[in-house]
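Some structures to go through are shown next.
Each of the next two complexes has chain A plus one other chain: chain B in the first, chain C in the second.
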Partner chain A sequence: MTGASAERYDVAVIGAGMAGMAAALFAAERGLSCIQIGNGGGILYASGLLDLLGVQPMAERRMWDSPYEALTALARQEPMHPLARVDARSIRSAFDTFITALGAAGIAYAPLGDRNRNVLTSIGTIKTTFGVPRAMVAGVYALEARPPCLLVDFRGLREFSARQIAATLGRGWPGLRHQRIEFPGYEAVPELYAAHLARALETRETRARTIALVKPLLGDARAVGFPAVLGLARASEVHAAFETGLGVPVFEIPTMPTSVPGLRFLWALEEAVSARGVRRRHQGKVRGLAFDGEAGTAVLTLDDVPGGECVSARAVVLATGRFTGRGLIADRGGVRERILGLPVYQPASREDWHQRDFLDPSGHPINRAGLRTDDAWRPLDASGKAAWPRLFAVGSILAHQDWMRSKCGSGLAIATAWAAIAQADRQLRGTGAG
Partner chain B sequence: MNTPSTIQTQVLIIGGGVTGTALARDLALRGVDCILIERHDINAGASGRNHGLLHSGARYVAGDREAAMECRAEGDILKRMAAQAIQDTGGYFVAVQGDDARYIADFPAHCARAGITARAVEVAAARALEPALSERAIAVFEVPDASIDPFRLSLESMAHAQSLGARLLRHTRVVGFERAGRRIRAARVRFLAGGEEQRIEAEQFVNAAGAWAREVALLAGAPIEMSYSKGTLLVTHVRLAGRVVNRLRPPGNADIMMPGGTVSIVGTTSVPVDGLEDIHPTTAEADLIVEEAARMLPLLATTRYIRAYAGVRPLVGSAGGANARAVSRGYALFGHEEQGLDNLATITGGKLTTCRLMAERAADLVCRRLGVNRPCVTATTPLPTAPECAWTEPGHAPRAWMRSHGPEGPLLCECEMVSASAVDALCAALHAAGDTATLADIGLRSRVGKGACQGAFCSVRTAAHLCQRGDFQASCGLAGMRDFLAERWRGQRAVLWGEQLAQAELMEALHCGLFGEELRDADAPKAPREPEP
Partner chain C sequence: MSPALFQTLLHASLALCVLGLLWRASAWFRLRIGPDARAATPWRRVLAVCHGVGAALFSRRVLRLPGALVLDVLLLRRLFASGKLRWLGHLLILAGFTLLLMMHALAPLVSARLFPGYQPTLVPYLFLRNLFGVMVLVGVALLLFGRWRAGLPSRPMGAVFVALLGLVLVSGFLLEAHKIASPRAFYRMAQQFVGAAGSAELKPLRAFWASEFGVAFNDLKGAIAPDLLARGRKLHGDACAACHTQPAAAFVSYPVARMLAPATGFLDAGGADTWLLYLHLCACFLGLASLPFTRLFHAVAAPISVLIDAAGPSSAMSAAGRASRRALALDACVRCGICDLDCSVAPLARYLGNPGLLPSYKLMSTGALAGGHQQRSGRKRDGLGGEALRAAEGAFLCTDCGRCTDRCPVALDLEDLWAAGRGDLAAAGLPAPAQWIKARPAFAWAEYLEASPGAHTSSEPGGAYALLSADSRLFSRCVQCQTCTNVCPVVAHSMGSAHGIDLTPQKVMNLLRLGLRDLTLGSRMVWDCATCYQCQENCPEGLRVADIMLELRALAVQRLGTVRGLKEPS
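For the complex of A and B:
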């Protein structure tokens, strides 16, 4: 079934969410040939913020100023958590490599330190995160010092009300004002889309007209916040022009997905992996995966061309995500892994999947369902052993974590991708057990 | 402590379900001044948690001919007087292989004796018209069942009553009665959020609290015996049949699929429950409904469900056993004279189909006691259409939006296509009645939150819109969002598998992953209910 014409790679990454992108990037950085299969739809849901670990333990809703101290607590309290199984030095290297690549591809991040940072969200809550795009950093400082500040929004951008943010925070931030303006050139349009505004602001004229509308509203404001629509491909340029034009620091506030920062993020990651020679198969879906013991390769059958097509790889990284990503499939009877039918760690019955209260602080048990792996990030088969010597699993498909509640989604993706690719690299070079 | 303020009226109605609102309208049409208090919002109990069936009566022909004939007569009246809330879809009764042959054979004669038209349909012909029917179907009868929107019915009844001078106090619960001899002088009521206690003096008091009627009667010192039966229903993502589809067998679990506009509603179960707290659909009930209903409609085994809901049927008298279906589904009207009270009435039990009749009987009693001689006119007075009450109907918002071609403003809910102007109209109607508008209020009066996303995205847009209008006291905006999502979640939890589980994951990624709403203090103040300045 392989056929002589099958393309061969060192690593095949299945999935193009955050974990898949990180795995492809890290594989390429190590000089491994790599194919990545899957569209980046999941990344569109990213906010641009890179969480590492914000809350631990979840049930106590304890928030941490330092993600590394939180990781230490995690290792003590939940040794099975995937992030508890990656050492801090690897996590630092992984994040540094990741944001360096993003920076080269057009999204600048503020330098990472040891601290978590607080960011304002579009509904007025405060989100604790780790990596903050430079376009959002002034908001972190404004939120800390709470100087007189202006929030601007655009009539017709349905998911964003500056008035809502200001009113939610009002009592604790008396100098916070809000103002709604018409987006230049879109005065007659009832419904505005963030991506359209972002593109429009890349033209000099629209930008100048917008700045001219905001300038008279500044008053004593020492910073100005906007919904995250300040440019798409040329976001840094647009942001800089706003700061120059308004004469005060300007920050973006992340909006509901699918958002402009999600689009930028997807483009930057695609650019970063493509620039490193990763072969991308956007439309592909892996229909089958078989292992050839003698050749030591895995054969993936793709269904994006009629009749299917095979590629072979010496190592495979499963980064297919959870239910939204279709890595896990649930029916009334239980949860299964889509491609190989790997055993999925899960609650005993569906009645135990979810809490009765959506916001129950202890979280929903189904979110901790997923694949269990050995120390080398290899998913286990029914006998409890690695399913195949060079099959790895990374990111949110892993069991024993709840990334949404712990605020560790990006950290989980980036750190486990780093650790698994390190294992793959070691094995492919013959220095590890095969 | 200040002396509580006092409001006066002729009749105080307690409970804003289909019966209470119909009663307010009935009394207002007879020129009687009334106030309706409701501790939550319109149709918060069983009135809003049923399958929306306007019974032809055929369901009861074998067991309770009187109830069947009552349904037939009332169904006919409502089809003429409240046509805007009804889709006259017709219904099938369908038997499949293995169903009781005797019951099938007797069915047409039973229907005839109750005066209900039941026409035998060739199975093949029925399956051509309703392809979702099982190939194992063996008998099909057509009956005049229909679908009714209980929210529209109650909202329009109340709007009509208000236009005639009746007053509605939402989020107001009765906490006690002041008695003087054989009479109640006043009800003490409390505004839930504000906590301010008030007195309402009336000549007559009507307890129309549905499943909560026992609690209210007890407060007045006039106990009544009631039992409760919990019924769970599932909502599909798309509509699977044009007609009402009933299983042709004695009433039992999962014997009906209702058309509900753009969706189908499948149910029900009947489980005796002791209390009214913490009623929610369970995964086991969802499994039971899917498996049982799939015998009649095989698609139900694989289709996508978007939510479930459970209501409590108030049954008058004690169940006295496990089978609550055997207890009367008829209504009960108590005058309480034997219990030493001359100005309290309790009307409870019954069915959605008979709500008008129940209101008529209660109003007759109240009017007799008041010495009012005007007859009931609700059987002959069409229910006026209120534009602001039309938004509960699936498909209404998309049609309005298509007609307006956009200039009406942006869409806030993309699943059900509810525009900002629709939300504005709802706010305006609430304000006109001296009331505020929260996210939950909009959810009840429109399709916001009822589509596939179950509120994940439209809650954010609608909250932003309300806030921008100044309707959403933003210090409470997040609490309003929490309440709204909690209610949506209660319905989703039992049907979270397949696509809908992925949808729920997306909702959590947004509301917890990004917004961190679970980290907010749960004790944050609830939305205040002060009237607008």
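For the complex of A and C:
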């Protein structure tokens, strides 16, 4: 096929979830021209907390203090797992590059170190993660040391209850108190939305009134927790103002997805990617993908303009996700890959998709379905060879992983994007200019 | 034609033309478009325009006028931007017609004074006259072709103008061709300038003119002897050459003359030179007299519009000045339809089957409303004309994107005109849909629809435009995550105000999922939506929330319009 393509790029990233964003970011960092196609809204389900690897092996539910030790165990126990195929040095570089870019785009992260951390959730449970935004990190220390601490919530914000968290954790944390206040200016509003409060707190006046309401409630509290509504685009500024105003460390507790931290995270990633010159077609969807062997280019047909439009790229990164991202489609006949119909590694029949016990700690086989790749992250076709020399797959579409249960979603996305883009870069430079 | 008759006809048509121009131009000060135009009397508007012109001439803005005159008026720069073919056609007509007028029609005043020795039968004037005529004809052909290709309808007043122009040119070419070929014309001239009475003495000249000038003598047979031709050439040199060069330079008329040669005797006998002249002159006079009443009038109004635009924006004018500019716009517009081709709501116009949404139609209805015709015409509904309702639909679905103003080749401030027209519609009892729809709560509208027998049978507009709000694939993925509500600035702003919105965006999507679209049509969320697209950009499931909001508005205008005048359902 000789697609009449108006635009040509080194790399086309299909998908704008965590893996797609990471791939676009890393490609741009390496100086490759890049187009990214897809809506980034899926990132709103994230919270800005970056997992690397929390549980290994899944069946034993073994938690690890160090994600890198967990990775060593993974490499021994599950050599096929995508994360087991990326070396630790690459993973460190990938995470450093990723959080540096996010920092420049407005979300500062606490230094990563080598340890997993525990974070409070909005229902009082504890989540183990790796990268923690600075606005939440005081909560990690509070949870560890359990000093006298105040949790504040707002009347009308239905998705967050300080009282529930205190009730869940109070037994092992005697100094944990909770208070409900009216959000200034919204006293007459029955139902509040987190993002509206976050925007309102970006004004100096609302901020000052809120701080004035909380200050008398402090008592002996050595830290104060809020629902994650402390600013949107200017969150660092709002957080700093609260700490200065209250005189104690202040931390946010992520609310239920989709949350304000999710919006911040999405916008920061969009900004980071756009600022590096990545062309974003965020209302676009890839309708077709064809490879031109002679020219060595892939031609993508996009549908966000009437009549469709073609763009061409010398390398393609498939970051379309698994089922929620609609990279894989599951129907009665089985699981198929949406764009190219690539063979999908999956249980032999639908009966084998799930274990008998829904909560079986070893997870369900269907959640390990996905694309198999060669050593260079190129998905395999039916004959077991790379489908196209410069077609790569990254993130949750890859087979042999169950990221939700092993708490490795961000790590999987960031590490495989890093590794695949390194391969793409090598190949593109190897083939010379195109 | 006798000089007396010629003078009478000329003066009569000139007088008609001048009176017509005055009458048409007076409309610029009489016609009231827009609520702010009502206060100013015509006399105040004349003063305002004089004041505005004076202020423009004595300001730095005057420096922009020469450039606008050359680039926009003479070279039609704005037209060039909208289409090369159309531009070329216009330029050919403008240049060809103006040059014909100067060199040929006004020859005694212009050519004869500028070029001593001017004779219409000499080169280069023979050639130039043909060239200019052809320029006009080609220009007209290009414009007609362009209109046909773009699928634009022909219009009566435009057709009259084109027919007259064609008649002037074709009769002119035929007259010239006939004069070249006519033996009668030859004899008349020979008698006057050679003075020879007998045909024997004229024989050499006849031979020479037959062979070199294409005169079609029907009694001249066989080859011409060379010595006869040489004598003819000498005689020609003495008597004729001062005023006649070979007519082959008339590259249209001469071939026509050759074609007419066999019929020349017949035409001479029928007095063709006289009636062709009458035809040509009468067509010219008719064109002159009808200038103010055909499309050609835009040749007067459009340059004024372009120059006004160059002098400054409407917003900088006084209300009285703006009112006059709007009235002028009605005359400067030729309904070329360039605005329609680019209109943001053109798809909606096709979808709703209401061309009243398109700028060129809106201009007409705005003018008609100002002229007071709108209320009288059309089917009565709610005591208001159906035509008026359709015009109102067009006026209020406009997104004010400003593309029509940007693209208008005669620099009309259409956005200002639309705003004025909306004011007039509201004054005539046709407020914006947002206004009458928000007068009832959403659930009340749903009840009206429920109670209306027509509401159930009314089929959905279909064809090529599938409804987003009917295509469940577009909203069934909604997981009610509230992101759309969270990022919505309208919700954020109206929270806590007395006029708060009734449904959040995610509730609108949920009602669609439940198949309760009628409940959304009159909702404040739909009608207060700022179409900032934050919801659509951020939706984790990729729902086209903002697109659907816009569609719900269009549907609401259509469906709620049918129950608008009904009494409270019991």
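Definition applied: the second predicted complex is superposed on the first by the 421 of 434 C-alpha atoms of A that agree within 3 Å, B and C clash if a C-alpha of one lies under 4 Å from a C-alpha of the other, contacts with A are read in each partner's own complex, and residues count from 1 in each chain.
Keep in mind that, in the parts below, a contact is a pair of C-beta atoms (placed from the backbone, for glycine too) under 8 Å apart; a residue touches a chain by one contact, two chains touch by 3 or more.
Owing to the predicted nature of the structure, the values given are computational and were not obtained by experimental measurement.
Engineer: Once the structures are superposed on A, label A:Phe323 by its partner contacts, choosing first (chain B), second (chain C), both or neither.
Structural biologist: Only chain B; A:Phe323 stays clear of chain C.
Engineer: See if chain A has more residues touched by chain B or by chain C, and give me that chain.
Structural biologist: The larger set of chain A residues in touch belongs to B.
Engineer: Determine, under the contact definition given at the top, whether A:Tyr193 touches first (chain B), second (chain C), both, or neither.
Structural biologist: The answer is second: A:Tyr193 touches chain C but not chain B.
Engineer: Once the shared chain is lined up, is A:Asn39 touching chain B (first), chain C (second), both, or neither of them?
Structural biologist: A:Asn39: touches chain C, not chain B.
Engineer: In the overlay, answer first, second, both or neither for which of chain B and chain C A:Pro257 touches.
Structural biologist: both
Engineer: A:Arg204 contacts which: chain B (first), chain C (second), both, neither?
Structural biologist: Neither chain B nor chain C is touched by A:Arg204.
Engineer: Looking at the overlay, what does A:Trp403 touch: chain B (first), chain C (second), both, or neither?
Structural biologist: first
Engineer: Looking at the overlay, does A:Ala167 come into contact with chain B only (first), chain C only (second), both, or neither?
Structural biologist: Only chain B; A:Ala167 stays clear of chain C.
Engineer: Between chain B (first) and chain C (second), which does A:Arg89 come into contact with in this model arrangement: first, second, both, or neither?
Structural biologist: Neither partner.
Engineer: What residues on chain A does chain C touch that chain B touches too?
Structural biologist: Dual-contact residues (chain A): 45, 192, 257.
Engineer: What residues on chain A touch chain B, complex-wise?
Structural biologist: 45, 47, 55, 61, 63, 121-128, 156, 158-161, 163-164, 166-168, 170-171, 180, 190-192, 254, 256-257, 322-324, 326, 329-332, 349-351, 353-354, 356-361, 364, 366-367, 403-405, 407, 409
Engineer: Which residues of chain B touch chain A in their complex?
Structural biologist: Chain B reaches chain A through residues 280, 282-284, 286-287, 290, 406-412, 420, 457, 460-461, 463-465, 467-468, 470, 472-475, 477-478, 481-482, 485-486, 488-490, 493, 496-498, 501-502, 504-506, 508-520, 522.
Engineer: Show me the residue ranges of chain A that touch chain C in the complex, using the header's touch definition.
Structural biologist: 39, 41-45, 185-189, 192-196, 199-200, 257-258, 260, 263, 266, 282-283
Engineer: Mind pulling up the chain C residues that touch chain A in the complex?
Structural biologist: Chain C reaches chain A through residues 481-483, 485-487, 491-492, 495-496, 500, 536-542.
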